[in-house]
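Chains: A, B and C, in written order; residue numbering restarts at 1 for each.
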Amino acid sequence: MFEVLSAVLFDYTVRNIALGSAILGVAGGVLGCFAVLRRQSLLGDALAHATLPGICVVFMLTQTRVSLWLLLGAGLSAWLGALAILAVVRGTRIKQDAALGIVLSVFFGAGVVLLTLIQQTGAAGQSGIDRFLFGQAASLIRSDVITMGALAGAALLVVGVFYKEFKLLTFDGPFAASLGFPVRALDVLLTSLIVVAVIVGIQAVGVILMAAMLITPAAAARQWTDRLPAMILISALFGAGSGVAGALVSALGPNLPTGPLIVLIATGVFLLSLLFGASRGLLWSQLRERRNRAAALSGGGA
Amino acid sequence: MSAGFVIIVTGILVAVPCAVLGTLLVLRQMAMVGDAISHAVLPGIVLAFFLSGSLGPLAALVGAGAFGLLTAVFIEALRSTGRVKEDSSIGIVFTALFALGAFLISRYAGNVHLDLEHVLYGEIAFAPLNTLVVGGVDLGPRTFWTLGIVTVLALGLVLLLYKELKVSTFDPGLAVALGLAPGVVHYLLMGAVSVTVVGAFDAVGAILVVAFLIAPPATAYLLTERLSYMMVLAVAVGVVSAVAGYYLAYAANVSIAGAMAVAAGALFATAVLASPTHGVLANAARRRRNRRSFARGLLLAGLSRSRRSTEHDLAHHLGWDGERVSTVLRAARSGGFVLQTGNGEVVLTRKGQEAVENLSRALR
Amino acid sequence: MKPVLKPGRERAAVVAPDATPLEVRGLTAAYREKPVLWDVSFHVPEGQLVGIIGPNGAGKTTLLKVVMGLMQPAAGRVRVFGQSFQKARRYVGYVPQRGSVDWDFPTDALDVVQMGLYGKLGWFRRPGKKERRVAEECLEKVGMGAFAHRQISQLSGGQQQRVFLARALAQDARLYLMDEPFAGVDYTTERAIVGLLRELKAQGRTVVAVHHDLGTAAEYFDRIVILNRHLIAEGPVGRALTRENLEAAYGGSGAFIGDR
C-alpha cells in the first residue's frame, strides 16, 4: 500500500497523469457551469464527438503525434460542428435537439471512416489516435500536459476577464443587450471556450465521455451553493478530484481506460451531492418535510 | 447469399425501425433522448453477453433493452427532483451508464466477446459469417433474425398505436383529455427505441445508430408536412443511406457503418440546402421575394398618405437611405404601381391605389 | 475623470434637457416579412407615465424591442431624447418580463440589482463598495432591503418583480421601459410598484410600460397608447381610453372589460 502511494506521489509518469487530469477537471468544471446554467449541456456532447474527424485529418496530413496540432484539428472540427448546428437551427425548421444529434453522429461517423483509412495506410502511428476515443491518461507525456495547461490557462483567463459579462449573458441576455453588450459576440466567445475545454479533456477522457466533464461536476456543485463564484470553485474542485482519482486508478492496473473511470467517479460525487448537498440536498428537504409534517400534526392536536 | 447482400439487408433492417421510431423522436423534440438511450444500453448489452449462454437472442434483446427504458426512467426521476434541468439530467445519466458499460468491457475483456471498437462502429462486416444455428439447422444470418424481430416490433407498435402516438406527439393535452395515457405511450416508445438500438448494436455500434435514428427523419421533416408521408420518406432516406454507404465503404475500403452515417448526413445536408419547401435556398428566395413586396407595400402606403412626394420626402418619411428608396421605387415603377412626373414627384397609379387598399384590408 | 471603456461602439451623447424622451414615427416592424407593427407613430412627453395596451399579439413587446434596437424596423424611426437609442442608452432603464429569465440561477437579490450598474461600469471593471451601496439603496426603495442576500428562487413572484424594478432603479435612467411589470404579482407588490411609478414621475422621469389589465390602466397611467398592429389611439387617458377605441382594438369583448 505504502509503496503504491509513494510511487503515485514521486513517479514522473504518474505526476504527469495526475496533473493532466487535474487540468482537464478544472477546465471542464469551470466552463461546464456556464454550459449547464445556459441549458447547453448537450452542446458539449455534440462538440466532443465532432472533434474526431479533425484529429484524423490532421494526422493524415502531417503524420504527427504532437498533441498540440492534433488538438487544434480537433478544435477546428468542433467549431465547424457548432457552426453547422447554428446554421441548421437558424436556417431551417429543424430544432436544436435534432441538429445536435445529427452533428454528433455524422461527424463521428466521418471520424470513424477516416480512422479506418488511417488503419489501411499503416497501423504504426495509429495507436496515437486510439487514445482520443476512450482516453488514455497513461499516455500523457510532459509536453501534452504543458499543452493542456496552456490551453486551459488561456480559457480560464478569458473567463476571469469576462466573468461579469458572461454572468449577465447567462442570467439575462436581453437585458445585457439593452445595456449595449454585444451578446452575439459574447455567445460565440463562450461557445469557443467550451470547445477549448473539450479539446483539453479528450486525450484523458476521450471524445465520447468528455461531455460528462462539462455537465456532472457542475450539476454536483450546484447542490452545495446558491452563489455562482462558489459553484465555479466547487465544480472545478470536483472535476479535478474526479479526474485525478480516475486517472490514478486507471494507471494502477492494465485494461482500465481512463475516461470511464473518471466519469464513474464524477457520477458518484454527483449522487452524493444530490443527497447531501448543503444548499439543496434531497435528504435535508426530506427531513425538513417530515419535521414540518410532525409539527403540523402535533400542532393540530393541541 | 453473397456477403454484400447480407450486409446491405442488415443495414436496411437497421435503417427501417430507426427511421420509423426516429420520426416520432424528432417530432417530440426528443432526439437527444434517443442519443442517450443508444449510449446507455451498453451495460445491458455487456450483461447480456455474460449471460448469453443461458439466454436466447430474444431474451438478450429484451434484457438489454430494459436498460434503455431504465435510462428514460432515470432521466425523468432526476429531472423531477427539481435540482437538475432536463438537458443536464440526460447528459449525467447516459454518460454514467455508458462509462459503466465501457468499464465492464475493459475489466472483463477476457470473458466477454466484445471490445471497445465494436461498441463504437459495430461489426456489420461480420454479419455474413455469423449465422443462427438451431438444432443443427442453419437458419441464415443471425442479424436477419434479431433485426427482423426488431423491425416487426417497431412497425407493429407504430401501426397498432398510430393514432395514440400521433395525438400524444402533436397535442399531449388533448391525448390526456381523450384518455389516451400519454405517459404509457411515452414509455412504450422509449422501450421500442431501446430494443431497436440494442438490436442494431452488433451491426453499427452504440453511437452510429444515432445517425440512423435522427438524420433520415430530420431529412424527411424538411420535405413533407404529413406524419405518414414523413415516416415513409424517412424509411426511404434510411434505406438509400444504407445502400449508398455500403458501396461507398466498398469503394474506399473504410468502415461500412461509418460510411452509412456519412451518407445519411450527406442526404440531410442536401435537404437542408435544396428542399423545395423548407431548404435554406428556398427560404432565402422566399424571403427575398417577400421583402421586395413588403418594401413596395411600405412605399405605396407612404405615398398614399402624402399623395405627391419626391424621393427625398419618401426617404425621410420611411427612414430609409436614398439608395433603398430608388431601388424600391424603380421596381414599383416598372410594376406600374407609381408614376414619376417630370419634376421628380412620385404619384400612385390606380393599380398602386388598389394595392394599398388591399394591403390595409389584409391588415385589419 | 478617467475615461472608461463602455459597451456599445457608439459614443454616448449628452442629450438636451428638454428633449422628448421617446418619439416613434411611421414605425413598421416585421418577423420574416410578416408585419407585426404597421406605421405606428406617437410621442411620449417628459415626466409622464404611459401605458401601452392592446390584445395578445398586438405588437407591444415588439415595440419595446424595436425601441431598444434589439430588432431592426422595416421602416420608420425611433428617437430617444432626440438621438438613436444606441447613443442615448445610458438614459434608458429596462425591466424585462419576469418570466424571461431562469430564477433558479445561483445568485442573490443584491447581485441582480448590481447588474443594473454593469452598463455604467463598462467592460472589465467589477462592482465595488460604491455599487453595492447603490444596489442596497435601490432594494430599500422597493421594500426588499431585508431580502438582499436571499437566493432569487426563494423569492415570491412579486418579490422577484420588485428585484427587477430595483435593478432598473440602479440604472438611474430618465426613461424607463417596462414589459408587463404588473403581470402575476400580489396586491402588496402591485401597490409598491404603483407608488414607485408615482415617485419616478415626481422626480420628472418618464415611464413607458406594457400593461394588460384594462381595469387599472386609467388609474395607473397618465397617457395610453392603444395598439393592435396599427396605432388605434394615443393620448391622455381621458381622451384615448374610450369605449370605441377599446372596441376597435379588442373587438366586441373589449367594451365588456372596459366597463369594469
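As a convention for this text, a contact is a pair of C-beta atoms (placed from the backbone, for glycine too) under 8 Å apart; a residue touches a chain by one contact, two chains touch by 3 or more.
Just so it is clear, the structure is predicted and the values come from calculations on it, not from any experiment.
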Revision key, fill the gap. Among line, ring, star, complete and other, the chain contact graph is complete
Check your understanding: Which chain maximises the distance between its CA centroid and that of chain A?
Key -> C
**Study point:** Dominant chain pairing [most C-beta pairs in contact]
**Key:** A-B
Practice item. Calculate how many whole Å lie between the centre of chain A and the centre of chain C, each centre taken as the average of the chain's C-alpha atoms. Key: 39
Practice item. Would you mind pulling out the distance in Å between where the CA atoms of chain A average out and where those of chain B do? Key: 26
Practice item. Two or more other chains in contact with one residue: find those residues in chain A. Key: 39, 222
Exercise for review: Quick one: which bits of chain C touch chain B in the complex? Just the residue numbers, please.
Suggested key: 25-26, 28, 30, 32-33, 35, 38-39, 73-77, 229-230
Point to revise | Residues of chain A touching chain C in the complex | key: 37, 39, 161, 163-165, 167-168, 170-172, 174-182, 222, 225-228, 230-231, 279
Exercise for review: Report the residues of chain C in contact with chain A in the complex, numbered from low to high.
Suggested key: 6-8, 68, 70, 86, 89, 92, 94, 96, 100-102, 105-108, 112, 115, 118-119, 121, 123-127, 151, 167
Practice item. Write out the stretch or stretches of chain A touching chain B in their complex. Key: 36, 39-42, 44-45, 49, 87-88, 91-95, 97-102, 104-106, 108-117, 120, 133-134, 208-209, 211-212, 214-216, 218-219, 222-223, 255-257, 259-261, 263-264, 267, 270, 274, 277, 280, 282
Check your understanding: Within the complex, which stretch of chain B touches chain C?
Key -> 287, 290-291, 294-295, 298, 301-302, 317-320, 363
